[in-house]
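Okay, so chain A shows up in both of these, paired with chain B first and chain C after.
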Partner chain A sequence: MKTKYIPYLLLLPAIAYLLFFIGYPLVQALYLAFTKNGAFSLDTVRRATSDPTFWQALKYTILLAIAIVPVQLILALILALAVNRAFKGKDLTIYALIIPLTISDVAAGLIWYTMLSDYGFMNKLLLNLGLISQPIHFFGYEYRMMEFLAIVIAEVWRATAIVFVIILAGLQMISKEYLEAAEVFGAGYWTRLRKIVIPMLKPSIQSALIIRTLFAMQVFGVVWILAGRDIPVLAGEGFYQLTEIKDYGVASIYALTIALLSIILGALYVKFLKAEYLEVRT
Partner chain B sequence: MNDKTKFMLKKIAFYAFIFTVVAWILVPIIVSALYAFSTKQDYYDPHKVIPTHFTTEWVKTILFTLGAWDGIKNSVIVAVLTIIISFALGIPAGYAIARYAFKGKDTIKLSIIALRMFPIPVMAIPLVVLYIKLNLIDTLLGVALAHTAMALPFVVLITSSIFAGVDKELEEAAMVFGLTRFGAFKSITLPLALPGLAAAAMFTFVMSWNEVFVASILTLKNRTLPAQILSIVAGAAGGAAPAYYKFAAAFIMILPAMLFIFFARRYLVTMWGITLR
Partner chain C sequence: MKKAVGILGALLLVAAVFASGCISGGGPTKIVWASTQLNPPEERAFVLNELIPPFKDKTGIDVEFVPISYSDLATRLEGEEQSGKVTIDVVADLHGGLDYFNAKGWLTDLSSKIKTLQGRTFIESYMKYATDKNGKVFYVPWMSATYVMVVNKEAFKYLPSGLTEQDVIQGTDKWTYDALLAWLKNIYEKTGKKAFGLPAGPKGLLHRFIHGYLYPSFTGYEAKKFDSPEAIEMWNYFKELWKYTNPASTTWDAMSDPLLQGEVWIAWDHTARIKNAIVTKPDKFVVVPVPRGPKGRGFIVVLAGLAIPKNAPHPDEAWKLIDYLTQPETQVKVLEKVGFFPTVKEAADAVPEGPLKILVKGVTAQSSTKDALVVMIPNLGEKGGEFSGIYREAFKRIVLQGEDPQKVLSELGPKLHSLFKEKGIPEP
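Then we have the complex of A and B:
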């Protein structure tokens, strides 16, 4: 019967489009990275990896993810738990917390530059309160660690919202009956949290972690605005190689490194954070 | 301490916490909006925490002298093209996932989610080579095609959950009364799904509006706003423009996004909750 094919026909254009725009570039990236004059060669790989900036970029990308993602997860979890009950101003609070969802990394970088620059809000506030006698310098090559901190602050500010929304949605799907039953049997808040809420949130926590870590591997705009190349990251160096040096091969290697990291991290998460459901646990 | 004071203290602590968090989100936005309009003297005066003299000079310079206005126009064109292409391809796919049972459905759905995680640089860098061949380099259509690849998985998943939310029986009833499947879709399901689709379109818009890597790489003269801003305020070495230009740029970038969240806020939690699970 003909109707059997209808769903496939409906799906075909979207899938063909995605395959072309993701499959073709992937093949092309491998070609750019591993060939020279049309033959297989590791020349480009050597050129990329012999540059110390490559290892710096790899290091800083991973360090940034390690510094940012756990903070976001804990903060989002606390916020979601706090907001997931009735109180005055609940709706307004949720709206305020999700505003950063629409703010891009470039804009977040600019906003935090406003806050943290030498004549910025933070420094002026602290100076006028008498808490510091000299402005705290955040920007410039000499203050690399402070630039790193500024990036962490801006990213936590901007992207905790998405983790918060995912966890909040997960919380709202937990049936009240489990919690009520536990309460009847005398379980306190912490016990309920540990034995019911957190296990049932695992799928949400898992997807939030995957999304945030994978996007952290691609961090670009916020770093480029706040630190430029003082703090090299993989996406930023790929961008620099492509736009300034015009070395497509090396740029591709940076991109492929991001892809490789993403695949490894995705696989690790799926392996170690296997979703557990309360129903099947005895 | 009796129970009542304990309860009150807990309540105060809770509200203090909520207030702190909301302030942590809102203060930077308010401050950067204020600084965007502050005069140079106020900005460099170490005793003025909050500026009192205002000027529109920086915002005007960014908009009209440095080309952000053209960037805004380009961003809107790219975003609208992205919405059109991704919805044209995504709605049929979303409908198929919502309404039909077929072999390999779960695999297809999972692969689509997985594609959403695909690193953008891997897609963008080789596209430069392709676009030069196809004469698409530095065109808005080229950027929109790349943004569509980014937005399409999202559109497929979100439209499928929107269509799944429209009662199947309504469509079947319409078909009993003689409409074709397509006719029933057009006159029953689509109108009912419209508010959800509108919200999804807004998100596609914001996604494209905020994207900077692809846009910066694929264009040189016809830049979208974020790409334009990035090249104005941060040269290759970083930090090229004076500070007050940066504040003005931040203000210009966040204003439209804030408007969108105001209109789409009703759908936010459910939409992201469904798509990202």
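Then we have the complex of A and C:
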């Protein structure tokens, strides 16, 4: 056999896997979304987009991403910088920070629901401390702002760990020599952070951002538990259409919207956050 | 040498065929039980681990339980009946579905067989549903369920004047939706608590409360008078009721936890979804009939039955399973484990004192109120989701977003009516 075919042959299982598990469902979704009685039709698209819930879901999904992702990035960066030096109990701290990563989003939602409900831990604590006289209401259609806040808190708590891990790994890859050299030339902490650490962290930040933003487009479990459909999001509405209304076409539109958003955002990140490798540039 | 290998291979093949049971080796008969009921994981585990094994031990008949959705069941049954290759022995589904299958001529006549069942009396109204206009019994009533109100005894301290505890527990004429509102208002004024709870979360059954309780009680119909003046009155009442309803209701799928947490004192939900509260704290709660409206006391009865498809491969074994599932002891077990109510009178008597008795008492009180207006969930097949969706949308727009009921109902009404027209079903 000619050696030039070997790479293709090795790729074959992966391609077969992608075709079967990604390609086929994608074609199926496109078929459900854009056909009616076997012919091309925009009827389903019209049905989905004429429902105001669709636009609300799109709006809230993006708003949630805008509220959650930057907070997670900054928080993770601070935590990673704090942990990235030698101190007693360092390993334990890292383990503790990563614990939320092991909890599923539905479980995280339930934990925060019980914490924040009228008779939950938070309200009881505040009531007992005499800081409030009536419980703070977090849940219900009338309190959508508070529900939004609860979702942000729960998501930040749950998913900052993944950003933290990626950034910590990135930090540990930065050679001490650069930092020591900078110190010799009199660069203070902030200068070192700005001129060396952050630029060298860019590849890590980029991967963390891509992962988190794409996951944010699929946000579901936490929202579903904490706010139900008071705050509609794309994945939740897709699920609702599929399981409750049984409108498979509209459900596919939601799924395809998530896919489209993810592709666009991924492309934007790759284009505008081009990672610079200092070693290569010299 | 080659020949020996060939013979050995052939022998192995024969042995494998027998071992795999492809050729009936005299093992137990296996029947297929396709069911749209008891499908959630917990309930399925109960069927597989507790319901079927004793039957298998007693009769030697093995049962393959196939949880299936209504639309899949309808498609499969249609395919099998048309091709003549039936594989399903027993069908378990709700009344509406079985009624449709019978109209299509897919079900066996059980009239003579049902008389042979010993030691059980089926509740008359259920038998009426199970018999078609030609006198053919097309299913055996198996389980029933309904939606009731649960009251935390604490709430009785705040009864409004003119309403007594007995009125509520027995469901007298005084136990009306207006009385409920006065009661909730009283609680709110005295304690600051929005004490009423509804399962209005995305997986909650709020739409059943609207089309099966409020609508019939106020308009006399589930869908027929969806956009009538009586309906507008009903929605205005609901808006008023919502003022005293815990706002977190829009995040609740089942009322058991909010009742146990004390977040609400009076709640409406499916019996299966409040059962946990009653079982956990039986001294704290009473199950009571729902209030009545101007047109009567509307409530839903969900009835599930067991049927045998025409040309089922093992009709005799299938009948033995039906016999087993409708025995009073089996029915009490189903009630204890999954909260569906018996369809034979003997079983209701056999329920031991305790939490379940509280549930049974409430359900019985509700079904025996004299102004009872029993409704069934209309069988719209795959359109059922859309049907529920319309009531939920009306709720969202009128009650939550404060839109004009007249405007919303005149927009949604035609959509609802066309669902029934499309399916060719008279509007209930």
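Going forward, the second predicted complex is superposed on the first by the 266 of 282 C-alpha atoms of A that agree within 3 Å, B and C clash if a C-alpha of one lies under 4 Å from a C-alpha of the other, contacts with A are read in each partner's own complex, and residues count from 1 in each chain.
Throughout what follows, a contact is a pair of C-beta atoms (placed from the backbone, for glycine too) under 8 Å apart; a residue touches a chain by one contact, two chains touch by 3 or more.
Source: prediction; values computed, not measured.
Of the two partner chains placed by the overlay, chain B and chain C both lie in contact with A:119.
In the superposition on chain A, A:224 contacts both chain B and chain C.
Judged by the touch definition given at the top, the superposed model places A:132 against neither chain B nor chain C. In the superposition on chain A, A:198 makes contact with neither chain B nor chain C. When the two complexes are superposed, the chain touching more residues of chain A, out of chain B and chain C, is B. Contact with chain B, but none with chain C, is seen for A:21 once the two complexes are overlaid on the shared chain.
By the touch criterion defined above, A:74 reaches neither chain B nor chain C.
When the two structures are aligned on the shared chain, A:247 is found in touch with chain C, with no touch to chain B. Look at A:270: by the touch rule set out above, it reaches neither chain B nor chain C. Across the superposed pair, chain B and chain C both touch chain A at residues 113, 117, 119, 139, 224-225, 227-230, 240, 244. Every residue of chain C that touches chain A in the complex is listed here, in rising order: 71, 192, 200-203, 246-253, 261-263, 382, 384-386, 388-389, 400.
Chain contact summary for the complex, chain A toward chain C: residues 113, 117-119, 134, 137, 139-143, 147, 224-230, 236, 240, 244-247. Chain A contributes residues 4, 6-8, 10-11, 13-15, 17-18, 21-22, 24-26, 28-29, 32, 79, 82-83, 87, 89, 92-107, 110-115, 117, 119-121, 124-125, 127-128, 139, 157, 162, 165-166, 168-170, 172-173, 203-204, 207-208, 210-211, 214, 217-218, 220-221, 224-225, 227-230, 234-235, 238-240, 242-244, 248, 251-252, 254-256, 258-259, 262, 266 to its touches with chain B in the complex.
Across the complex, chain B meets chain A through its residues 14-15, 17-18, 21-22, 24-29, 31-32, 35, 43-44, 46-49, 89-90, 92-93, 95-97, 100, 102, 105, 108, 112, 115, 117-130, 145-146, 148-149, 152-153, 156, 206, 209-213, 216-217, 226, 229-230, 233-239, 243, 246-247, 249-250, 253-254, 257-258, 260-261, 265, 268-270, 272-274, 276-277.
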